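These are the structures, in structure tokens.
Heads up, the next two complexes both have chain A, just with different partners, chain B and then chain C.
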Partner chain A sequence: MTESAVEDQTTRLPDQSASPTLSVRDLVVRFEIEKNWVTAVGGVSFDVFPGEVLGIVGESGSGKSVTAMSALRLIPQPPGEIAGGQVLYRESSDAEPIDVLQLPYDELRRVRGNEIAMIFQEPMTALNPVFTVGMQVREAVLVHEKVDRAEANRRAAEMLTRVGIPDAEKRLSDYPHQFSGGMRQRVMIAMALVCQPKILVADEPTTALDVTTQAQILELMAEMQGRDESIVLITHDLAVVAERCDRVVVMYGGKVQEVGTARDLFHHPKHPYTKGLLASLPAVGAKKGERLHAIPGNVPSITQLPVGCKFCTRCEEVMDRCHTEEPPLHVLDDGREVRCHLFEDEAK
Partner chain B sequence: MTEPNASETNPAKPASPLVLRLRRFRRLRRGYYSFLLLAAAYVLSFLLPFLMSDRALVVRHEGTVYFPALWSYPNQIFGYSQSLGLFEDVVYSPATFGVDSVETSTDYRELKERFEKSGGSNFVWLPPFPYSPTEQFLAEGQLRAPDREHWMGTDDRGRDVFVRLAYGFRISMTFALLVTSIAYAFGTLVGSLLGYFSGWVDLVGQRFVEIWGGIPFLYTVIIISAAVGPSFVVLVLILATFGWIGISYYIRGEFYREKAKDYVAAAIATGESNLTIMVRHVLPNALTPIIAFAPFAIVANITTLVALDFLGFGLPAPTPSWGELMKQGRANIREWHLVVFPLLAMFTTLQLIVFIGEAVREAFDPKVYSRMR
Partner chain C sequence: MTAYFVRRFLLVVPTFIGVTLIAYTIMRYVPGGPLDQLKMQARAAQAEGGASIGGEAGAIPEEALEAAKKAFHLDKHVVVAYVYWLGDLVTGNLGESYFFQEPVGKLVVERFPISIFFGLTGFVLAYLISVPLGIVKALKHGTSFDFFSSATIFIGYSIPGWAIGTLLLVFFAGGEFYDWFPLGGFRSTSYFELPEFVQSWEDPADVEDDFGRFRWNRLGYLSKVADQLWHTVLPVFCYMMGSFATLTILMKNSLMENIGQDYVRTAFAKGLHPRRVIFLHVLRNSLIPLATGLGRALSIVMAGSYLIELVFNIDGLGMLGFNSIVRRDYAVVMGVLAINTMLTLVGNILSDVLYALIDPRIRFQ
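Moving on, here comes the complex of A and B:
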């Protein structure tokens, strides 16, 4: 599925000359675990351009969700702490960027949901069980706009219709337990998009759904995306990335390891980790009885990350210096970024 | 409560989890009927002045109608002389003390007899059980065994036990309901603040709660009883100031659990304020355990009042209370009616509440088909 999807994909490259809607700069997030401060995200930087779908890929514990949550300051404090960096948001391409991390509480609330919205992994728990679906979507409107309840209700119904919930008017007064998982995720999307945010952060939106529903939800997200609206899609599912994303950020050990367009990344992976990830996918034409490739070892615990390259313990092309010296994020000619000593020369 | 059949016959009508639980509660017959019975008894107990009282409901005297149960009338209206009684063969009249008239209460049972003897259109309509809880019937001595007049006998001051138990029911229930509501309100407030804001707020707040919880309850009651003298309001306040602690623990724990769920993150990500999230999103989800616990809290509060009255630190003397009657039962253990009836009244009431509690717990059980029964 992955291979063919990549072949068919018509990559619509975003207008990278425009200034990014969201720029994450040197983001550091730490957690206090049993008196020790553990760095979950160690200086992550990336841009989200208007109109693009940016995928953030990585294994569990790679810091991708934490990165996404930080964009809205949703890190629980304690134990978490955003220790440094900036999350710069531009309302329009010529507007002055505002740093979400420095906003006072009231202005932060205005950004949340209105400018940057989020949908979550578990549709089963992401809706409040004691309120009707209509109330929850309506609430999202009422928080940000001065409209009366009737208007908010109308907007909620319209939004639910747009996300493909049949008979939306009637279903407004239904409770979450009367919806299936896929339907709930549609409601979540409606809630997130009802205020027309510029950026939608989707934290593994399809992980808890079955395969057919996954496809529908991804389809829906693509349909709902306006020209200037961006989606940050966090996932560990490479098939989803191949199918939906324009550009991809690969994360490992709380660091960005590789950045590139989806097409480049899938056809010419550079970082040994990306190569390993792609090689471990089952291929359609594979011989029967052939073992699947696997990256050796386990994801190191974030409490015991190696000093040098975060991937050195599992890398197949590891060198001595990898253990002691962490490579910088090399910027290559074609705009790709790779954090690996192997590309030191190419970068120069 | 809303009409259940309307919503049950119409399955398309969506129901909130609370409505679903209420429906399940109605289907649990034992608990539901216990609830109806107890609620009816409690509502009825507010009509006690019209059911059990020494004051007549309606008196018709010389063409005028009086309502002594609602207003008091000086007894000369009904043709009594203004004598204040005999003392050492001297008849005192209001003039003795230099006043025109004195408000004296009328013995309406006697008035009824008099009217019936004289015939005519005058009549007295007495309550079904024409004795007041503080009235003393000493003509046949105290501690009378049950008979047709006093169904449960009289106590050591000649007061009707049945009437005192009935008034005691109202006092016990009102007391328990008040204490439970105040304790719940305050406990919920503290618990949700500690649970929602967690961190140092919780750390410091919990220490204060613990210090408060360390104050021995009974000594406080004894000291305050000695200092200001116990009254209904004082006892309610004392019990409530100790009763909220447990509730705050429950709510705090529930807040910790609920706020970790995605719907709270979703609400934050929508840009809702702390107060909205706390009150509208988390609180309704956090209330489940304390609602299920409420009947047992009421049981506990009834028992506490009984215990305090029994020990003599409870309500002041003439108040009809169950604990005081039980104390009399212990002092006069051979008078079976003073032992059996107060215990029976308390047992029945507590049993009914426990039945309600069981049903509420089962109705709120998220795992209906649990194997652990």
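Moving on, here comes the complex of A and C:
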């Protein structure tokens, strides 16, 4: 399914000449676990260009969610700490970038929800159970815009209608528990987009939903995306990436392992980890009884990451130097980036 | 949901009957009842005037015994006697006190305001202090403030209210240490009981009636307030201690649990001010378990506390109930018990109503 999906989709290549809306540079995030500092994100860099859908893929514990949350400084502190790096946000392509990580708190609040909005994995718990849906969407308008309550209410109703909630005006006074999971995620999307943010960060938005609802939610996100608006889609679901993303960042062990367009990545994966991930997908038309490929071993705990390449303990093409020397993120001629010693020569 | 509450109210009837029937039965078979007391009185009278009467030791006339038996329904089966009591109750008649020779209803109505005054003051203060304290403790979790306040609270919690009351009286009510507060009572009953500074505000002649008796109502407004507060501090402190620890820790834990919830992250991600996130989104959820305790506190607030009222010599419902048990004053014991039971049962239903009102997720079937 993944292959054909990529085939059908005309991959939008980002206008790389435009300045990225969001540039994450050397982001380091640590957590204090039982008096030890553990690095969850170890120097991650990537760009989000206007109008694109950027996928961040990785297994649980790869640091993808932490990266996304750090962009809005939503990491709980303590135990977390953003130990270094920059998150540069540009309001428009010719504007001076501002570093979200350095913003005074009140200015950070203006970015949250207004410029960069987030939706989360669990629609069941992400809404406050004791307030009406209308109040929660309205609140998002009122905090960023100088409008009166009636106007905010009208905006909320309009937004709920746009995300496909029938009878939206009436449902404003309903509580979250009166909505199904898919409907709640629609409410979340409405709430996130009501202030027309430039970037929507979606942290596994469909993981908790059933398959048909998943497709609807992804479709809705695509519909709602404006021309210059970007989506950062965090997921472990490669099918979702193949269908929805323009470019993909593959993460493992708190590091970026490979970056490329969805098309390139699916047709010509370079990093052994990406290859492994793709090989472990069941192919349509595979013979019954055929065994699925699996990446050997388990994701290492972030408390025991290897010294060299983070993937060396499970890599099928591992070399001696991989255990001691971590490869840099090699930039190849076609703009792809791979963190693997195998591509050292190609990069030169 | 209406059906649920109708059912709950209907269930009050059998529960009430169960509780009062058991109490009635126990009361009747515990020694020291009215017949025993009659016999004892006769024996005492005989001991005093033994020389003049002589002969039959401790005998009372058979007719007197029969009359007493009849008056207390002791000649009937306990269940039958209970039904008589219940029948009277339904018609609004709580019976007459054996000790006071007054209707139980009157005794209760006289004391209700006193118990409510102390109960309500303690209750309101407990919430007013526990809720903010719990919030601060949650926000400062793990700091030395959190630690020391917890330690203090738990020391207070582990000592029963009446024991604290006794200690307070020893230390602050003119014992060997400080003479700051009165030994007890609801209000001063004579001019010389008033605190000295209030005495200086009032002329003794002004507060006496034509017969030279002290009239509290004739005190000036400020003097009334001062005297009332002066009598209130220690007992109310004891009332508070009981619920204080539970409330504070419940508030703290509830708040901390809610701070970790996903919806809090959503609220922050929207760009809300932390004040709004904590005091609106989190607090509203954290108050749910506390608010449901409101209904259950009804009986404590209105019916007073047996032991605290006793320690502070407050003539409220609690003390009336306690003394009547000691005196085997059947009608009063049953009357106070009936009121207490009713308040507890209604309080429980009230808790459920409150729960349904504040938490939109709750729908009783």
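As a convention for this text, the second predicted complex is superposed on the first by the 348 of 348 C-alpha atoms of A that agree within 3 Å, B and C clash if a C-alpha of one lies under 4 Å from a C-alpha of the other, contacts with A are read in each partner's own complex, and residues count from 1 in each chain.
Going forward, a contact is a pair of C-beta atoms (placed from the backbone, for glycine too) under 8 Å apart; a residue touches a chain by one contact, two chains touch by 3 or more.
No experiment lies behind these values; they were computed from the predicted model shown.
With chain A as the common reference, chain B cannot sit beside chain C without a clash. When the two complexes are overlaid on their common chain A, residue A:Ala126 makes contact with chain B and with chain C alike.
In the overlay built on the shared chain, the residue A:Phe31 is in contact with neither chain B nor chain C. Of the two partner chains placed by the overlay, chain B and chain C both lie in contact with A:Val143.
When chain A is checked against chain B and against chain C, the one touching more of its residues turns out to be B. In the superposed model, A:Ser173 makes contact with chain B only, not with chain C.
In the overlay built on chain A, none of the stretches 6-14, 24-32, 60-68 or 132-140 of chain B clash with chain C except 24-32. On chain A, the surface patch touched by chain B in one complex and by chain C in the other comprises residues 72, 74, 109-114, 117-118, 120, 122, 125-131, 139-140, 143-144, 175, 177, 188, 191. Contact residues on chain B toward chain A in their complex (touch as defined above): 14-18, 198-199, 261-263, 265-273, 276, 281, 284-285.
Those residues of chain A whose C-beta lies close enough to touch chain C in the complex are 72, 74, 109-114, 117-118, 120, 122, 125-131, 139-140, 143-144, 175, 177, 188, 191.
Those residues of chain C that touch chain A in the complex are listed here as 261-263, 265-273, 281, 284-285, 288, 358-361.
On the chain A side of its complex with chain B, the touching residues are 72, 74, 77-78, 109-114, 117-122, 125-132, 139-140, 143-144, 173-175, 177-178, 188, 191-192.
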